[in-house]
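Dropping the structures in below, format is structure tokens.
The two complexes that follow have subunit A in common; it is paired with subunit B in the first and with subunit C in the second.
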Partner chain A sequence: MATKVKREIDVGEAVGILAAQSIGEPGTQMTMRTFHYAGVAEQVPTGLPRLIELVDAKKEPKKPLMDIYLSPEYAKDPKKARTIADDLECTILSQVAEISEDFVEKKIDIVLDEKNLEFEGLTVEDVKKTIKAAGGTVTSSGNRVAVKPNTTSLRLIRRLTNKLKGMHLKGVEKIKRAAIIEAKDGIFIRTYGSNIAEVMKDPRVDAKRVFTNDVKEVERVLGIEAARNTIIRETKQVLDLQGLNVDVRHIMLLADAMCMDGAVKSVGRHGLSGEKAGVLARAAFEETIKHLITAAVKADDDKLIGVTENIIVGQTVPVGTGTVRLKFKH
Partner chain B sequence: MAVKRKKKRLKLPGQKTSVFLNGRLIGFHESGPSLARELREKRRAGTITHEMNVHYNRGTDEVYINTDSGRARRPYIVVEDGKSKLIPSLIEQLKTGELSWSKLVKLGVIEYLDAEEEEGAYVALTEPELLPAHTHLEIDPVSICGVTVSVLPYPEYNSSPRITMACSMAKQSLGTYTVNFNLRTDSRGHIMYYPQQPLVRTRPYKILKFAERAAGQNFVVAITSMQGYNMGDAIVMNRSAVDRGLGRSVFYKTYEAEERRYPGGQKDKFEIPAVTTQGYREEKAYRHLGEDGIIVPESRVSTKDVLVGKTSPPRFLEEMSVFGVMEEKKRENSLAMKSGEEGTVDSVMITDSLSGNRLVKVRMRSIKIPEAGDKFASRHGQKGVLGLLLPQEDMPFTKDGIVPDIIINPHAIPSRMTVGHLLETLGAKAACLSGKFADGTAFHGDKEEEFKAVLRENGFEEYGEEILYDGVTGVQIKSKIYIGVTYYQRLHHLVSNKMHVRSRGPVQLLTHQPTEGRAREGGLRFGEMERDCLIGYGASMLLRERLLEESDRTYELVCDKCGSIAIKDHIKNREYCPLCDSTSLHYVEMSYAFKLLLDEIKSLHIFPRLLMRDKAR
Partner chain C sequence: MLVSKMIDRVKFTIFSPEMIRKLSAAKITVPDTYNDDSYPIDGGLVDPRMGVIDPGLKCKTCGGKLRSCPGHFAHIELVRPVVHPEFAKVVFFVLKSTCPSCKRVLMSEKQIQDIADQMEEESDLEIGSKAARKAKKVPKCPHCEEKIEEVKFLKPTTFYRGKNMMLPSEIRDWLAAIPDADIKLLGLDPTYARPEWMIITALLVPPVSVRPSITLETGDRSEDDLTHKLVDIMRINQRLEANINAGAPQLIIEDLWELVQYHVTTYFNNETSNIPPARHRSGRPLKTLSQRLKGKEGRFRYNLSGKRVNFSARTVISPDPNISIDEVGVPVAFAEELTVPIKVTAWNIDKCKEFILAENYPRAEYTVRPDGKRILVNEASRQEILDTLAIGYTVERHLIDGDTVLFNRQPSLHRVSIMCHSVRVLPGRTLRLNPIDCPPYNADYDGDEMNLHVIQSEEARVEAEMLMKVHKQIISPRHGRAIIKPQEDHVSGAYFMTRNDSEFTRAEACQLLAIAGITKLPESDRKGNYSGRLLFSLLLPKELNLRIKSKVARKGDENDPESWITIKNGMLLSGAIDARAYENEILEKLIQLRGHEEGKRFLDISTRVCLSAITLHGLSVSIANYAASEEAQKRLDEIQDTMRREVDGSVVQFKNGTLERAAGKSMRETLEERIMAITSKTRDSGGAVLEKSLGYENTSIIMAKIGARGSLLNAIQMAAMVGQQAVRSKRLSRGYRGRTLLHFRRGDIGAASRGFVQNSFRKGLLPTEFFLHAMGGRESLVNTAIRTARSGYMQRRLINALQDLVVASDLSVRDSRGIVVQFKYGGDGIDPIKSQSKGEVLEVKKAPEDEAM
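And now, the complex of A and B:
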């Protein structure tokens, strides 16, 4: 009980500022360190760039990644895990075939690479079936397939070509690569590309332990609570990786603020700060004139609730010692 | 999408090399390289002027010939077949005076290359490393350094960033920047009292005759900690040495006043302003002025004393008085000392300005004795701020009674890797003992071993360390301490020219907030991040005091009815709202900046209202 009371936050504590400073101060050191790594190729953004990505609530991270843990049966055996990984990796037509357009004959030539097909565990017949699904008249001889579109419009032919190039042959869509990582707590698969909805359907996967770094995807598939946890987990990970010790509760507050009204919002003009209650507070942040004019058109009131507004006006700030008010009763 | 162009230029069969003279295409040649070679040979033979430079660009297959003015060129020794053309016999002749530099250039032994020709040259730094492929030889390895680096001792022993810093600091050192400083009226100038030439010099130092206008002094330096007063690049200095004139300098500052002419035939006038003058200062301020309103030389003046009394015609023409004669109201416009400055009037000059007006220049002089906060630096990028002036009797001393002039912290050395600093200290110490200057020229200065030998011969520790005794207790200090002589420069960042405090002071006209900057006696900004800290701490009242009460607080009348700012008519002694004529008003405490914001919002055609209610409900 004693610890519980001790750990409780006092009334009027400026938790937002504290969280911002607690994340921001070590963040400045992070900037100085990460930019020394510039030039290392093919890296998942870490450090400040990643932190910015999270806080900005980007639609898709620069490098979507998934960590997939497996059901007990597969979690011990790397070979079995490998089969899952191979099944997850997605293959598209352009990876196994040479696709060229013939605008004179108004057709599309596809030359399948049998070696690649074998490597991917596909047969020419499988691929032909998929190609047929795309539409057009399909004729084939051996590993050569010709598609005669139903149209003569060059633009539509090009559209069909692009569709064919991206035809999904096997595996889970969007998963570009899958690798097996043997960790202390069992084997897991790390994939480049993220698609939790599909991966979780696989019975060989431990559906409760499928992680992605794509916050928006989590929000879409699993809901806002899961998205909040993802933000916390990812942010914490970035900071831990840099050896920065930030109390989780600061990060939790940040995540709470971002997920407060049921959808993940970014921190900034288009999200949190842009939706502050006070006209003056918004005007003080960015796009001053826009906020003033819309406020004038709508005849908005500023109730002087927030910190910024009160500083502008020259009053005490409703935080800390400023939370105390005198009340008279007549 | 942009297509990447191939860099390589396609040469068509039979295409000839383009030849450019001074950047203009003048023709074509069968073979670029042979043209360039031929021209070069002719230049060396003296058939063509030595001011011509050729360059063959293999990538573009073009020959550039330059003869125009304004090219930066530098000399090299010509190398042919891996052999320097400056052969020993020529050197002998040079020594006897039979040969001169210009003769060597004529002989084609030495030639000047411009930036373009240098591009195609393969230059060896020293003679032993010459290879058959080399085209030129550097006359001296030091010549790869510029003027500023070449006067630094042992730069090759230091890390490059420190050399850069040493260079930029050498430019800030006080010395004798010009010999006729006494005749000049520079707006600012520092002259060192007893400049010395360094004990460790370089050859370029002598060539540049730097010793004649030296900028620094040889300090006895001990490298050890000193009661924590030399932490973080601070320096402990010997007060007694300072009293004897160490690091002392004069600071000259020139003030100017001009009798301007105004449209309408009016003119400023140098005089002691009459008491009736508008903006008359207190009488005390004018006490040093002579009859002509100009200050008397050698008078000691302090803050805000008037140097040149000046009156100007009024800014606006006044209305005619009842009697038809206008009484001349004059405006005080004197030249006064800036706040916080003091000194002695060194000289007063009266001349005419370019526009023919009378011009007075007053040169102030003040002696700047080293004090805590002044900046000093060695020639190795080791800068520091004076942290403590310690009397000689409290300084550590050696068995010979040598007391260091300054004590620097050993932590300044390892991470910065300024080995040259230590070497200079050793060299200068040896120079003191042998009575001969040491040479610290880059790449071929005197060697450490030579210094060690001198020290040994004179009964000193060869590593430059000595046993020191605590000046206060006389107790022997346990460890040996590195002590020697180092050339130190006093840099022109003097606290007395920078120190600034304010409790109350002027405010800006527009915002009613405190002014900014030392020159305007300004306040220190309590910025956004500082604000955040007070919010984070919850110090709401303190924050309000900083941002409002100590800044731009005002009380504005606000109309209850329409919420706009009301006015008080002082003549009729009536308070009313100019918009709705209401007299139901209240004084509201707010920041003047907020009132200004309301005004600016109004200028956007937006009408802000202030809706009020009682504070306590």
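And now, the complex of A and C:
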């Protein structure tokens, strides 16, 4: 006979603290090492540094990565997949050309490397067109291009040089490298550098299965709900990789709290903790004086609704058995 | 607990000078503290009207004594006003946003109306301040057409209008003239925080109890830093007054004025940027108001968020496997010092009297009358107390067996770092803890200290027993798996006890069963002897069934019954118990079936039986465990030779440029990767050789396999080779130019010179190997130190961000403001503790009575 166990969470349970402890405590057991992902040569932060990165809701991860799954006809053939990967990898002018400044003549000399151009599947004409878009008077002979800027200021010339160097010739911007990975569930492309908005436009790509480790980018492109899922996915991945077992519910709660009001907020004084209700709670966390001063100027009330505030004044904390308030009639 | 009064809210405001004067118990007039007879000077900075800190004296304001008088504020009248340094930024904002002539906000009537409407609607001051911050600079005042001269702010307290410095008195007049309605538009609350109050005319002086002076052994008094600072302010203030009265030139007056400003600034915050900190005679910077509040050792984090408690104890812990997991051994010396308050009732009055009557432990220490008066129990008072003791009194008696206490070990990283135990008073001088309880506390016995807290109220006791008792924490909420579980010797014991060849004589069987409290000897299953499996099965619940693969099973042994741990109706039929079977399958299943109490009983009994079993059986580990046979040693040497050849081969290829480059890597990186792969392969194949050579009856290998202690890697390092050392996941490379040590040739990038340790720990390392091994060791030590600091801070932030999230009565998760974070906790409302194996959601069949409903 199977007995029914009450498996529901208890009302009043301090699930926030539980989640924070369940994610924080294993932190002491994590390694600081970087991880070497197959195909992408970079050392990708994992373990504690990556977890901190996630919790900080950094604008961009240290090593942005994408896992791109392909539409059915490409998903089985590594050769076909390779063509997509080649198309994704972006090429900038400095990769196929020698760029030098001539400050005497006040011009910039560009020598295109035809071998490299061919390797990348580009023609000299293509490149010239791109260079023209940068501005200045362009004169060319064979693989030599000279740009005469409209200005004589050395500083502006240098600025133009830098602009030229970074000029995007082909592929998807920001994607520095793409590798084919053959996994059990089919072939996918792992890229170093992340740009889901552009990649998802490619019809050869299974747009529903384009993953990135850049939470903020997901928020920008796909919205808050997707960002929340990314936080959960990434956090879980970090913990799993370390062989640490943490219930998803804790990670979900963290992600939900970070995405609570429609924008990804960091855990810390500039995010969740800085926007708490209680003056005392904020003062007790960080930047004590600043919080006290602004509270005085606005004549703020601390309604003593949080945990820290009640500890400070020595009252029962509104958590667990402390949530029950009974009044006696005399 | 009955609470008769509660604080509803705390309001933060700025004191007006009028308010300060009203609050003040004394006006400070003398820049000094004590006179020559060491009496406090009237009107001095320790004026007795501010309260007293010397025992015996009486407060001149409230008549209270040392303990009963809370202290009273006084004030200093500043002859010339100064800017409050912490509010200077706000002052700047207000000046910038208002007109110097008509004192109105520099916004058009329409803008003003819009903001006012919006603020009315949302009753939020924030809107005003945001709007004003956004407002563009205007060349002319929209109200009076006056040309606006830009106000500049030079940190920390100086303001310029155009090119002229503004005196604080000018600023004050300006601020005072701004109408209330316009102040509101700037995000300030005019009833509680008029901007002119941010310019100080009357300075509040905290009572002496806030800045007590210390009497040194020599009899000299040493004043608090704040008192020193206040003396400075008073002294310059008086000099300024004298100069003004004497009609001194404006230049001198302004110099002194600035000096007052400096002292006031450092009085509030001695770490103000662009200002030299005020120093003590010894050169130590003074600790002023800001420094008292701020940071880890500041008032907020040190005294308000964390409070010190009585009725607690701390000392070294040591193991005692014979006490229950929910007990803690307390030394008699502690039990005689710690007390428990007992309310006297009709049912326990006789027992209470016994404690009062007793002269030695356990006796009563104090009694408390219903009116709160405490009476020490001693020779003199004993009889009187006995005569007057009645229902309603409280007796504070010594700690005795069975009392409820909380036990804790820092760092308290999760909730199982503090659990409820019941007391076992034991001889000795350490706190005793069952070794099974070590993982939740993360404790060991190498000198760890732990804290004990004696619960002082009935309500707290009930909560602790119901929520924090050790047996309720066997399953961790982190993953729903056991965290308090059999370990090391318990697992070894269970394994050796339940092996197929394990038999016990009748006498041994009796002994084992007696430990478990089982008095009925089952029928012999091995011709008068008893198999260990039979005895172990007696500890299992009858409804337990399981079949899992044993960890010791070798490949290809799938048909051997010993490769499978089979339990049928609580009888262990085949296979020897390993760690996974013991903790996950048996312990966790048992708790699911029969609850936490049974889980505790099982842990207590089974571990004790297993320990006895392993004592009977014997288990030794010696250096001989790691002696590889001669043949194996030869194989190992061969493997290492192959490795060296391969590495050298790769190096040659690299130098010739014939090495095949890996995608996206330089030649050098490719080589390094190749060599790393070769060396790790070498160690692995060494492990395989070793495993074969050491055999399956090697105790070290067995313990590694069943999950009791150690790993195969440990054995390999001890018996075969230590292997490649690495720093930052790369082979060692730093040291001298082109080499790690002088013992190698420059440019040698072979195995040995880059940190491959070919010797085993047993054989001993070469001096070079030893040094290179230490390089790897250093890195891991450094990493551990950094990691602790970083993860500690991350956890503090996590806790702070999430601490107010609580499950509401509709199973939604809300923060303290009532804002919903999750509509249903975890999406399914299921408690991670009860989520069972790995937190997956399991279907639970309905019980028959549910279906009837």
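Everything below uses one rule, namely that the second predicted complex is superposed on the first by the 307 of 330 C-alpha atoms of A that agree within 3 Å, B and C clash if a C-alpha of one lies under 4 Å from a C-alpha of the other, contacts with A are read in each partner's own complex, and residues count from 1 in each chain.
In this text, a contact is a pair of C-beta atoms (placed from the backbone, for glycine too) under 8 Å apart; a residue touches a chain by one contact, two chains touch by 3 or more.
Just so it is clear, the model here is predicted, and its values are computed rather than measured.
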| item | value |
| --- | --- |
| Touching partner for A:Asp300 - first (subunit B), second (subunit C), both, neither | second |
| Residues of subunit A touched, compared between subunit B and subunit C (which is higher) | C |
| Partner chain(s) touched by A:Glu13 [first = subunit B, second = subunit C, both, neither] | both |
| First (subunit B), second (subunit C), both or neither touched by A:Leu65 | neither |
| Contacts of A:Gln315 with subunit B and subunit C, given as first, second, both or neither | both |
| Which of subunit B and subunit C A:Leu292 touches, first, second, both or neither | both |
| First (subunit B), second (subunit C), both or neither touched by A:Ile224 | neither |
| Subunit B/subunit C common contact set on subunit A | 12-14, 17-18, 20-21, 289, 292-293, 295-296, 301, 307, 311-316, 318-321, 323, 328 |
| Complex contacts: residues of subunit A adjacent to subunit B | 12-14, 17-18, 20-21, 289, 292-293, 295-296, 301, 307, 311-323, 325-328 |
| Subunit B - residues contacting subunit A, complex | 531-533, 535-541, 543-544, 547-548, 553, 589-591, 594, 597, 601, 604, 606-607, 611, 615-617 |
| Subunit C residues within the subunit A interface of the complex | 1-3, 6-14, 86-87, 90, 125-126, 129, 187-189, 191-193, 269, 290, 293-295, 298, 300-301, 304-305, 307, 413-415, 463, 467, 477-481, 592, 663-665, 669, 729, 783, 786-788, 790-792, 794-795, 797-809, 811, 813, 815-817, 819, 821-822, 825-827, 829-832, 834-835, 838-839, 844-848, 850 |
| Footprint of subunit C on subunit A - complex, ascending | 1-28, 30-34, 36, 39-41, 43, 48, 51-52, 55, 177, 179, 245-250, 252-254, 256-257, 260-261, 267-268, 271-273, 276-281, 283-285, 288-289, 292-293, 295-309, 311-316, 318-321, 323, 328 |
